[in-house]
Amino acid sequence: MTEYFPILSTQVNGSPLLYYDNAATLQMAAPVQEAVAEHYRTCNGNVHRSSHAMARSTEERMEAARETVRAFLGAEYPEEILFTSGTTQGINLLARIYEDQLLQPGDEIVVTALEHNSNFLPWLEVCRRTRAVLRVVPLTPDGDLDLEAYERLLTDRTRLVCMTWISNAIGTVNPVERMTALAHQAGAKVLVDGAQAVLHRPVDVTRLGCDYFAFSGHKLGALTGIGVLYGRRELLDNLRPPFFGGGMISTLEGLHPSYAPLPYRFEAGTPNYVGAISLGAAIDFLNRFGIRALTAQAETVLNGIQSIVLAHGGSIVGNPQVRAGVLSVLFPGVHPYDLACILDPFGVAVRAGHHCASYALAQLCISETLRISPAFYNEPEELPQFEEALERALHLLGIAAS
Amino acid sequence: MDMDEVQRSIQEDLTQLADPLSQMEYLLACARASQGIPPEQRREEDLVPSCQARTWVITSWDGGLLRMQADSESFLVKGALALLCEVYNGRRREDIQVFTCRLLEDPGFTGRLTGEQRKGLASILERLHEEAAQ
Amino acid sequence: MIDRQQIKAALLARKEQSAACARQICERTYRGQEEFALLFRRYLCGKFMLELEDLDTDDFYRICQYSVEKASLYPPGSIDAAEFASKCGGATTATNKKVLFIMALRRELHIPITVEEAVSVDLLSQLIAICYQKLEG
């Protein structure tokens, strides 16, 4: 894999890089970098505006990327794929639609306690503005969602359930298919935040049954600034666009716009077409190996890291039934920030903090953790270096504590 | 030594230690050597609001001289605070008012800290200078 | 007041000592096996974050275990019992440490000792003797 990721051969302070912050962003593979460079080398023009060869070629590439994303998600129609600037913007777009068009006072929106702020704060704000009610699915002490409590929260006033598939903070994998079915039985629609899941689970939105699905391209190794909001066509068809600008109308007669068909009416302004092209290339690259095989490799390294952490007196935050992608760890008497700082000159790149999921951590009575998130390009052969770095860091901090 | 001389001496220490690991060991050793604030004396109102790790700073003026105590859950921040105490403790208001602290710009001093932690330290310095100006 | 000069001096001295030991071994500037043994022990202490007085046993595996314990938060003597069976390769942390040290001997000190040779050695004094022989012929 390192042949595809030259950045992984970087040295940090004389130590080989161990990049274990993939939940934050995935490194970009060389073929994806080449696709971006090749685009700018050979054909670059704005899309859906001009008719010259450059523009037409760029448009074809962008629409080809849309089709690649459609197939990746298992969606039925390409017009169900809306390009956004990322998960956050996609969710905020949907939140604005709900605020303007779909919510009445007293309606209810259900979110879970595991949500990243990007799938928590928009709904908190929407409920505040519309006088709808926000319901939060609590956690069990193990860091799973309390599914009995979830069922009790679903009522005939529930309009939307927003759930993360895989927690970015503690790695809990939620039973989204089952939760979606329950939500539909209650008459609610479902939004799945797939930001972490897209790298760790094959996605089939038709099988999942969700109505909306959001993810970010850079979590798959595409450029930052590109993401996708999937929405079922029959739902999107009946929604008005919340944002306005160029490229999203069919006609404008005086003061009467006629909005463009899907998906363009929801893509106002110049789209991040290079981002979309990079996303198509990133998915093509990952499809060479298959998400299942890539996940298996990452899980092997994650299990090795878990063993090392436990062998050195650390604890793993949460004990969910199914975990993927990330470990949040704590060491007694050691602040996660200190550990992350001291691991850095040994080449180990990890994250410390609340990971924009402070609500989730607070439910577990924790404020910050050290988050370790290997990916498919990390290897078991790295583990001795990780272990040595951890030992030295704990040793230094142990001295400081004594 | 006056405040500029202490600051310069700290910067020289960090320069001599050169590599990031040694500089962090220096901060950690300063944390260990610091008296800090005993747990029973740490009050909520002394928490620095913008710090990610819980950090306490207690200041008082005794005969026109600053008395400063500081502690943090992060040993690296505690070490940085111990060095700031070296610079600021026992100084007169007028000395603090004319002093420019450059330690936060020194990569050896704050290079290992996050942006949020640096902002937290900056807010502490701002408070010290505001108190000195009163 | 913090004694910064003492802190800095101690840090610089330890840095220089580690670098000097490695340099003297690489440049073969020691005189005889006894001096080599002392340099080797200091180098080992630098890598294992131990003090010379911590080397109160000749059992090399026990030294590796102690180094892990000192860095770890488990009580002394409990390290192997805390290991999980799922640890990769089934090796314990202390065994990994031994292997890592041998790899450092080859990489940093250019001592051509194989892992198989080193694994067969139980005592630190034996390891020192083998390494001396490898360097001196």
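Going by the order they are written in, the chains are A, B and C; count residues from 1 in each one.
Everything below uses one rule, namely that a residue touches a chain if its C-beta (ideal position, glycine included) is under 8 Å from a C-beta of that chain, and two chains touch if they have at least 3 such contacts.
Predicted model, so just to flag it, every value in this text is computed and none were measured.
Taking each chain's centre as the mean of its C-alpha atoms, the one that lies farthest from the centre of chain C is A.
More inter-chain C-beta contacts link the pair A-B than the other of A-B and B-C.
The distance from the centre of chain A to the centre of chain C, each centre being the mean of the chain's C-alpha atoms, comes to 44 Å. In terms of their C-alpha centroids, the spacing between chain A and chain B amounts to 38 Å.
In this assembly, the C-alpha centroid of chain B lies 37 Å from the C-alpha centroid of chain C.
Each of residues 25, 29 in chain B touches at least two other chains. Shared interface positions of chain A, defined as residues touching 2 or more other chains, are absent. Partner chain B is touched in their complex by these residues of chain C: 1-4, 7-8, 10-12, 15. By the touch criterion given at the top, residues 300, 303-304, 306-308, 310-314, 331-333, 380, 383-384, 387-388, 391-392, 394-395, 398 of chain A touch chain C in their complex. On the side of chain C, the complex with chain A involves touching residues 49, 67-68, 70-74, 79, 82-84, 86-88, 93, 96-97, 99-100. Of all residues in chain A, only 13, 335, 337-338, 341-342, 344-346, 352-353, 368, 396-397, 399-402 touch chain B in the complex they form.
Across the complex, chain A is touched by residues 19-21, 24-25, 28-29, 31-32, 52-53, 73-77, 79, 112-114, 117 of chain B.
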